[in-house]
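Listed after this line are the structures, all set down as C-alpha cells.
Shared chain: chain A. Partners: chain B in the first complex, chain C in the second.
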Partner chain A sequence: MPMTQGTFSFLPDLTDEQIRAQVKYCFDNGWAVNIEYTDDPHPRNTYWEMWDLPMFDLADPAGVITELEACKKVFPNHYIRISAFDSTAGWESLRISFIVNRPKEEPGYHLERNETHGRTVQYTLRPYATQKPAGQRY
Partner chain B sequence: MATETAQRSAADRYKAGVMQYKEMGYWQPDYEPSDTDIIALFRISPQDGVDAVEAAAAVAGESSTATWTVVWTDRLTACDKYRAKAYKVEQVPGNPEQWFAYIAYDLDLFEPGSIANLTASIIGNVFGFKPLKALRLEDMRLPVAYVKTFDGPATGIVVERERLDKFGRPLLGATVKPKLGLSGRNYGRVVYEALKGGLDFTKDDENINSQPFMHWRDRFLYCMEAVKKAEAASGEIKGTYLNVTAATMEDMYERAEFAKELGSTIVMIDLVIGYTAIQSMSKWARRNDMILHLHRAGHSTYTRQKSHGVSFRVISKWMRLAGVDHIHAGTVVGKLEGDPNTTRGFYDILREDFVPRKLEHGVFFDQPWASTRKVMPVASGGIHAGQMHQLIDLLGEDCVLQFGGGTIGHPMGIAAGAVANRVALEAMILARNEGRDIKAEGPEILEKAGKFCQPLAQALSTWKDITFDYTSTDAPDFAPTATAMA
Partner chain C sequence: MAFSMHAPVQARPEERRQALDDIDLPEGELPGSLAEIYEKSGIPEVFARLDRDLIGLAPVKGRVREIASLLIVDKVRRQLGLTAEPPTLHMSFTGNPGTGKTTVAMRMAQILHQLGYIRTDRLVAVTRDDMVGQYIGHTAPKTKEILKRAMGGVLFIDEAYYLFRPENERDYGAEAIEILLQIMENQRDDLVVVVAGYADKMAKFFTANPGFRSRVAHHIDFPDYGAAELLEIGELMLARQNYRFDAKARAAFADYVKIRMNQPHFANARSIRNALDRARMRQAIRLFQEKDKPLTKESLTTIQEGEIRQSRVFRGGIEGWPEGVPDAQGAGQPGMEK
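For the complex of A and B:
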C-alpha cells in the first residue's frame, strides 16, 4: 500500500510539468525550496536527508528540476520530497511538502501491539523496509 | 454633558440619592481611549423613552463600578480610573431602535489571564438591565498588554501542522455518525474506515460522553485501535478528537490522561464546560503535547440573533486567549448559520497576527495578537466534496474541513467517501497552486479528478445539487463600500 504522506499523495504521480508549476508557486510566494530523500518512511521520521541546502536564492523552477533529476539518479528507489519553507514571522515553517519519487515496491508498516494493564495497548509502528539497514531497504 | 459632571462639586456629586448614569461619569464623549484600555462595542436597544446616551452610560456603569444609587464609598477609591467610560454612541445604520455604544475600560479592572473575570464584568449583570430591551456585545478591542497575560493556544496552527506532518492543504475530518447509540466496537469501525480512506481526523460529536450504550473508556480504546491501524495502513499521522467533556474537572482530567496514555494526538472539549474549565484544559494540553479541539456547543443560544447576546467574533477572541487549538467557526455553504463576510471576520480573528478594522466583515477594531498562536478554524455541518472549490476559496488552507455525512453517507462506504474527499481536496489545491481560477473552474476540476477516482465521481453525482441557501441572521451592518464611523 503506498504511503500517503505529503500534500498530493492521493493524486496520480506528478509529471515534471506539474512539479514545475508547484515549484513556481513556491517561488512566487518567496519560499525556499528544499529536496530531501529517505529510505525510512516512518511518519515520525521528521529529518529526511537533505539534497544539498534549501535553494534560497533560486528564481527559476528549472534549477529545482535539474537538482531533482540528479537526486533521482543517485536515489532512484528512495522516497524523495520537495518542500518549501516560509521564513515569515509567525510562520517560519513548511508551507507545502509533496512526494515526487517513491520506491517501486512499498511493503508498508507493521503495527505492534504491546498489551499492558487492563485492556490498554501501547502501539508501535514499524516500516517493514527498516528491518534492513539503511541503504539496503528498497 | 461631560462638562456638567466636571463642573459639579464633589459634595454635590456624591450626595445620597439616585442620579443619571451619564451624570455619574460613565458618559465621557471627550474621552480618548488609551492604548491599554479594553474597549467593548455594544449594540443597545433602549426601552421606549430611554435616551440612548443614558442607556450607554448605564451599560458602562453596570459593567464596571456602578450601582443604582450614589454611594459615598466611591470617594475612597480612584473612582474616575475605575469607571468604564462610554465615549461614543452612534445609530446602527438603517435601524432607528438600535445604537452602537463604545465603552472603554481601564486595564486594572481585570485580573490578568482570566476569561471568567473578563466576562463577569462585560457580560455580567448588565445583560439583564431593565432600561434596555436588548443588548449585544458586538466586538472588543483587547490591548496587547492584556493579550500577553494569556498563554493562548496550547499548540497553534504551525506546530499542529509540524506535529502531524501535514502542510499546504486543509486538514480533513469527519464526525462519527450516528452521533449517539453506537457501541464502542461499532464506533471504532467508522473511525478506522474514515482514516484509512484518507481523512486526517475523525471526531466525537459534542454530546458523546459516557452513556449507557458506550462507556468512555470503551470508546477511547476502540478509537485508538482504529487510529493506529489506519496509521499503519497509510504511513501518516492520524487522530480522533476524543471528547473528554464530563461533569467535573476531575473526570475530564482522568479521561484526558487516558487519551494520552493510549497515544492520542488530540482531545476535545465542548464550549458548555465553561471558560474556566476551557482554560484549565488548555493548560493541561500544553503540559502534555496535546492538540485541544473545541466544539462550540451552545453558542447559537447567544450568538445567532443580532439584537441580543454575544457575537461569535467576541467568542473567537476569548477562545484564542483561553487557548484552544481548534474551534468550529462556520462553513458559509453548509447547513449552519454563516454569512460569508461575517464568517471571514471570525476566520481572520482566529488566524491572523494583526486583524485590521473592517466593518464589512463585522470587525470594528484593529486587533493586534502580539504573536499569540493561531487557532485552526473548523468548517463542519452539511458540506461535501462537490463544494471543495468554494470551501477553499472562502476559507483558505489553514482550516479543518469536516465532512461527516459527506464521508459516512457515501454510496460505496465510509472509506470510499474519505477517498473522494481527499482526492477532491488535493486536486483543488494542485489546481489553485497552478494558478487556475478554482472558483470558476472548480466543477470542471472535480469532474476531471472523478475520471481517475470512481469514489469521487459517485460523491459528485450523489450530492451535486445539495445546497443550504437561507438568509443569514447575522450579516454585517455595513456594506462593503461603507466608510462611516472613524
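For the complex of A and C:
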C-alpha cells in the first residue's frame, strides 16, 4: 500500500516535469527548498533525514533536480520528499511538502488492536517495513 | 552576492517566456527573413542599450553580435527541425582591469536569456574565495552550492586563474576546477560559465588546464580604452550622478587622463571613476570654504577646473597611492593593479 503524505497526497506521483514546475513555484515565491529522505514510512514520523543543505537564493530548479538525482542514486529505495520553507515574518514555517520518490515495494501497515479496561480498544499502526532495523528495510 | 533568505519574488514563469520562443514558425516552413526574426527577438533593444551605455569596445561588441547571430540562426534551424548539437556557450573574457568585463557579462546574460538559451537573466559573480574551501572536504560542497545558485543563468568567475595554483600541490583549487568542468560538460543546458581575467594570466591558466580551454567556445579580448574614450566615459559617469564639468574642467580632465593613462596602476574606467570621486570630494570642500555664498543648483552640480588640477597626478604622483612610492616593478603595466 503506497504511503501518502503532504501537499499532493491525493494525486498520483508527480512526474519529473511536474516536480520541476513545483520547485520553480517555490523559488518564485522566495522559499528555501529542502530535500529529505527516510526509510520509516509511519505517518507520524516527522523527523526525516536532510539531504545536503537547504537551498535558498537559487533562481532555477536545475540545482534542486541535480541534488534530487544525487539523492535518488544513493537512496533509490527510500522515501524522498521536497519541502519548501517560507521565512517571511509571520509564516516562518513549511509551505509545501511532497513526496518525489518511494520504494518499489511498499509492504503496508499492520493494525494492532490493544484491548484495555472494559471494552476500550487502542489502535496502533505499525509499518511492516520497520520490523527490520533501519537501513535494511527496503 | 548577498546572503538572503528573502529572495526577491520574481515574475511567474508564464510572464517571462522567452521572446524568441514566442515566434511561432509553421512546422517545416521557412520564416520570411532573418531580419524579421531579429526584430521580433528583442535583441535590438539590448544591443542599442549596449551601444549607449558602453563607450568604445568596438571589437567586443562585434564579437557579441557574432555570437548572437550564430544563436539566432541556430534557433531558427532548430525550429525547422534541422537538429544540431546545442552550441557551447561558455566564454572567456580577457582584458585589463576596468575594461568592462563584468558589465558585458551582465549584458550577455540578458542576450542569452532573450534568445532562450538560459532560463533567467541572472548573473552570479564569484571569485576564488567563493568556490575554494579552507580544509579537506570543504571545497566540493562550496563549489556545488555556487553552481546550484547560478544554474539557469550565467556564472561569472572573476580572476579565474587564481583557482589554479600550481606552486602548491595541496591547493584545493584543482578540486573546484574538476567539479566546474564536470558541470560545464554535463549540464550545458543549465549553466553558462564566463571566466574573466588578465590576458597573460588567463593564457597560462588555459595552458595548464587544457580541459578548460576546449570547453570554452568563445574567447573575447577587451582592449584598453583610448584617451578620448576615457574622457567620454568620465562625462557619462558624471552625468549619471548629476554632475558636470565646466569647459575648463573638461580640458583639465582631458589633460589628467592623458597623464594618468601612462602611469602605472592604471585601471581604465575604474581609475576614472576613482578620480571623479575625488573631484567630487574636492568640490564639496570648495563649497564649504565659500559657504557664505548662496547655493544654486548650478554650483552644486558643476565640477570646476580647480578640482581636477589639485590632483597629485599633475605633480608627478599617483592618486590613491602613498606619496613617494616609486614604482619598482611593473611600471607602466596596466595589468598590475595590486
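Here is the rule we use: the second predicted complex is superposed on the first by the 138 of 138 C-alpha atoms of A that agree within 3 Å, B and C clash if a C-alpha of one lies under 4 Å from a C-alpha of the other, contacts with A are read in each partner's own complex, and residues count from 1 in each chain.
Criterion: a residue touches a chain if its C-beta (ideal position, glycine included) is under 8 Å from a C-beta of that chain, and two chains touch if they have at least 3 such contacts.
The model shown is predicted, which means the values in this text are computed figures rather than measured ones.
Q: Identify whether chain B and chain C fit side by side or clash on chain A in the overlaid structures.
A: Fit: chain B and chain C sit side by side once superposed on chain A.
Q: Is A:K72 touching the first partner chain B, the second partner chain C, both, or neither of them?
A: neither
Q: How many degrees, to the nearest 10, separate the directions from chain A's C-alpha centre towards those of chain B and chain C?
A: The C-alpha centres give an angle of about 100 degrees at chain A.
Q: Can you tell me whether chain B or chain C touches more residues on chain A?
A: Larger number of chain A residues touched: B.
Q: Is A:L111 touching the first partner chain B, the second partner chain C, both, or neither of them?
A: first
Q: So in the superposed three-chain picture, is A:W91 touching just chain B, just chain C, both, or none of them (first/second/both/neither)?
A: A:W91 contacts chain B only, not chain C.
Q: Once both structures are overlaid on their shared chain, how near does any Cα of chain B get to a Cα of chain C? Whole angstrom is fine.
A: Taking the overlay as described at the top, chain B lies 7 Å from chain C at its nearest C-alpha.
Q: Identify the overlap between the chain B-contacting and the chain C-contacting residues of chain A.
A: 21
Q: Going by the contact rule at the top, pick out the chain C residues touching chain A in the complex.
A: Counting only chain C, the residues touching chain A are 1, 3-13, 119-120, 122, 141, 145, 147-149, 151-153, 187, 190-191.
Q: Where on chain A does chain C make contact in their complex?
A: Residue positions touching the partner: 21, 24, 27-30, 32, 52-53, 55-64, 66-67, 87-88.
Q: Flag every residue of chain B that touches chain A in the complex, lowest number first.
A: Interface residues on the chain B side: 158, 161-162, 165, 167-169, 198, 221, 224-225, 228-229, 231-237, 261-263, 353, 371, 374, 419, 422-423, 426-427, 429-430, 433-435, 449, 452.
Q: What residues of chain A sit close enough to touch chain B in their complex?
A: 1, 3-5, 7-12, 18, 21-22, 25, 41-44, 46, 83, 89-98, 108-111, 119-123, 125, 127
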